[in-house]
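In what follows, subunit A forms one complex with subunit B and a second complex with subunit C.
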Partner chain A sequence: MDVEPVTVVHAYGVVRTDAVLDLPPTGIGGAGIAVLDAPPVSAVFSILPDRWFGADSWRHHAEDPEWLAAVATEHQRVLGALIRDTDVLPLRLPAMYRDELHLREYLRVEGPLLHAVLESLRDHLEWSVHLYFVGLPEEHTRARPTTGADYLRRKSRALADRQEAQANRERLVQNAYATLADLSRQSVVNRPQDSAVSGRNEPMLLNSAHLVSRRHERLFFTAVEEAAAKLAPNGITVEVTGPWPPYNFVELGAETLAGQQ
Partner chain B sequence: MTQNTDNAPQVRGASGGPVFAATRSREPAPQNLADVLERVLDKGIVVVGDIQVRLLDIELLTIKIRLMVASVDRAREMGISWWENDAFATGVEPSGGQQDELESRVRQLEQKLGEGEGQDGR
Partner chain C sequence: MTVERIPSGEDVALVDLVDRLIGGGVVLTGDVVLSLAGVDLVYVGLRLVLAPAHEAGPVLRAGARP
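So, the complex of A and B:
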């Protein structure tokens, strides 16, 4: 009997089977959340209506930012709740299976590798650091130049000052990143975010992600505060977001999986 | 359980200190939409599932988002009832030309992905 699927299995992430989980009551679209065990790993998933979240819906909405933003936000909300209590391997969207049997098969086949990655990331979370150039207070207007030569001298000095300030900022940003990277197990620098999406108009000087041990969070935050104190006089503010599941540190994709064994 | 623990980083932007857009409290912290999108759609484990749908690459998505997302707040406000009044629930079809272009792009990406998956390693 061949019937159209009415539901699809949406997987959020992979955890150790023995992990203690505090599942949020609802997932995407208000659906319930369940766990599928395939020891040593388990997947956290929801069963969603195919007509709203199946492959056709994804194709339909592949460039519909509002739809993607809503699904992505819900996906992350579930993962954000899970990482409070345990390590989670976050799945990239779209992460979909026809039914639980297919999801179980994925876990069975890739379980050893997924478990190894979970072990290697044990007790680590991801934090995001953004540096923005917010500028400095306006300089006091000095007396008007008295001669043409004076004017040109001031112009060229102002240009030199700006270039020096920019070189100085670059050095400060690199130093701040290096300091935070020292306290992180791994760090990556990502492309600066688009202001339309981040909601910030100031130029983003750094968009980095850091894999930090749960035990070293305090050290990391202290270093962030010290960096912020150094950067503030130069017109740079620091923003930290997190904790995130280690999205930036699980480079497991089709190619990686195929390359194993 | 709502509980603002002592080690919750405080928001301290005005004085030049760092801004922590997250807390260690038990409540979900509001997070930057750009942070969510760049992770959820571009990072994380790629599932080799029985249903393969490839998205456009994140750069192209960002451009689309720049054009279409009215504001970050609005997207947040959509909450979990966003799908109830979304266009697709009312059966609106995308325009033909755009869809063709999209599909050919998806096919290209699928093909690219397929090459990387030549053998499944088992």
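So, the complex of A and C:
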């Protein structure tokens, strides 16, 4: 007999079973947060009303930015609290299970691989680095050209200057990335965010993610500051977001996991 | 300080978060709760989180299922 599910299990992330956790008091929708052990790994989860957060809700809200943003933000808030104390494998949304038994079963089957990945990421966090070209102050307009030839000469020089400046910027951005990548365990360059979505008008020159050891965080940030000082005179500003759980470094899809079984 | 540091909990980091939820993280699947099409739609929705109002139209149409 089929019984309508009343609750659904939402998992936030996977941790080592022996990890010391400081759980935030509430998760999505104000629900409590609990830990499900399937040694050597455990999942941090909430039991949510199926009515509000079950499969039908996800389908219903699949194109509802406000609802998704709220759930995503809450999901991240919980992970953000957990990564302060331990390593966490973040789950991609929707991370929903019928009940604890099902979640435990997946943890049991995929546990060895999840544990291996957690070990490989031990004591590392992810940071994002964004470089923006904010431009340089306008040059003073020089005296008006006296002849047509003078005008063309100036125009061609201005174009050459612009091209040189752009090549110079590309070099600087590459150098900055290389320096930060040297201090990171792993780095990836993601597609720059469109200015329409980043909320900034300036073009993004670099959108990179770095897996940085907690011990090297200060070193990393010193390097970021140094890079920023070099970039500023060229009209480039630096923004760092984080720390994040290592989303960019745990791309374990269903296929990868299944392939390991 | 020349570097702008944005904690991952800030609203402005939402774009970064959505980028991650779409492109990264562990997929611990097996429990077929959402059909594949359903998951696709969620990602359309997450992209919409990022899209300013005037761009929402085309994105929405692209993700619409007959």
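The rule is short, and it goes like this: the second predicted complex is superposed on the first by the 258 of 261 C-alpha atoms of A that agree within 3 Å, B and C clash if a C-alpha of one lies under 4 Å from a C-alpha of the other, contacts with A are read in each partner's own complex, and residues count from 1 in each chain.
Throughout what follows, contacts are C-beta pairs under 8 Å (C-beta built on N, C-alpha and C of every residue); 3 or more make two chains touch, one makes a residue touch a chain.
Keep in mind it's a predicted model, so treat the numbers as computed, not measured.
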item: Clash or fit, subunit B versus subunit C on superposed subunit A; value: clash
item: Contacts of A:Gly29 with subunit B and subunit C, given as first, second, both or neither; value: first
item: First (subunit B), second (subunit C), both or neither touched by A:Pro243; value: both
item: Those residues of subunit A which subunit B touches in one complex and subunit C touches in the other; value: 8, 11, 14, 54-55, 58-59, 61-65, 67-69, 72-73, 75-77, 80, 89-98, 102-103, 106, 109-110, 114, 128, 190, 193, 196-199, 221, 224-225, 228-229, 232, 237-244, 247-248, 250, 252-254, 257
item: Subunit B contact footprint on subunit A (complex, rising order); value: 8, 11, 14, 26, 29-30, 52, 54-55, 57-70, 72-77, 80-81, 84, 89-98, 102-103, 106, 109-110, 114, 128, 190, 193-194, 196-199, 218, 221, 224-225, 227-229, 232-233, 237-245, 247-248, 250, 252-255, 257-261
item: For the subunit A and subunit C complex, residues of the former touching the latter; value: 8, 11, 13-14, 54-55, 58-59, 61-65, 67-69, 72-73, 75-77, 80, 89-98, 102-103, 105-107, 109-110, 114, 117, 128, 190, 193, 196-199, 221, 224-225, 228-229, 232, 237-244, 247-254, 257
item: For the subunit C and subunit A complex, residues of the former touching the latter; value: 1-10, 12-21, 23-31, 33-34, 38-39, 41-42, 44-46, 48-52, 55-56, 60, 63
item: Residue numbers on subunit B that touch subunit A, as the complex places them; value: 7, 9, 13, 16-22, 24, 26, 28-29, 31-51, 53, 55-56, 60-66, 68-69, 71-73, 75-76, 78, 80-83, 86, 88-89, 94, 102-103, 106, 113, 116-122
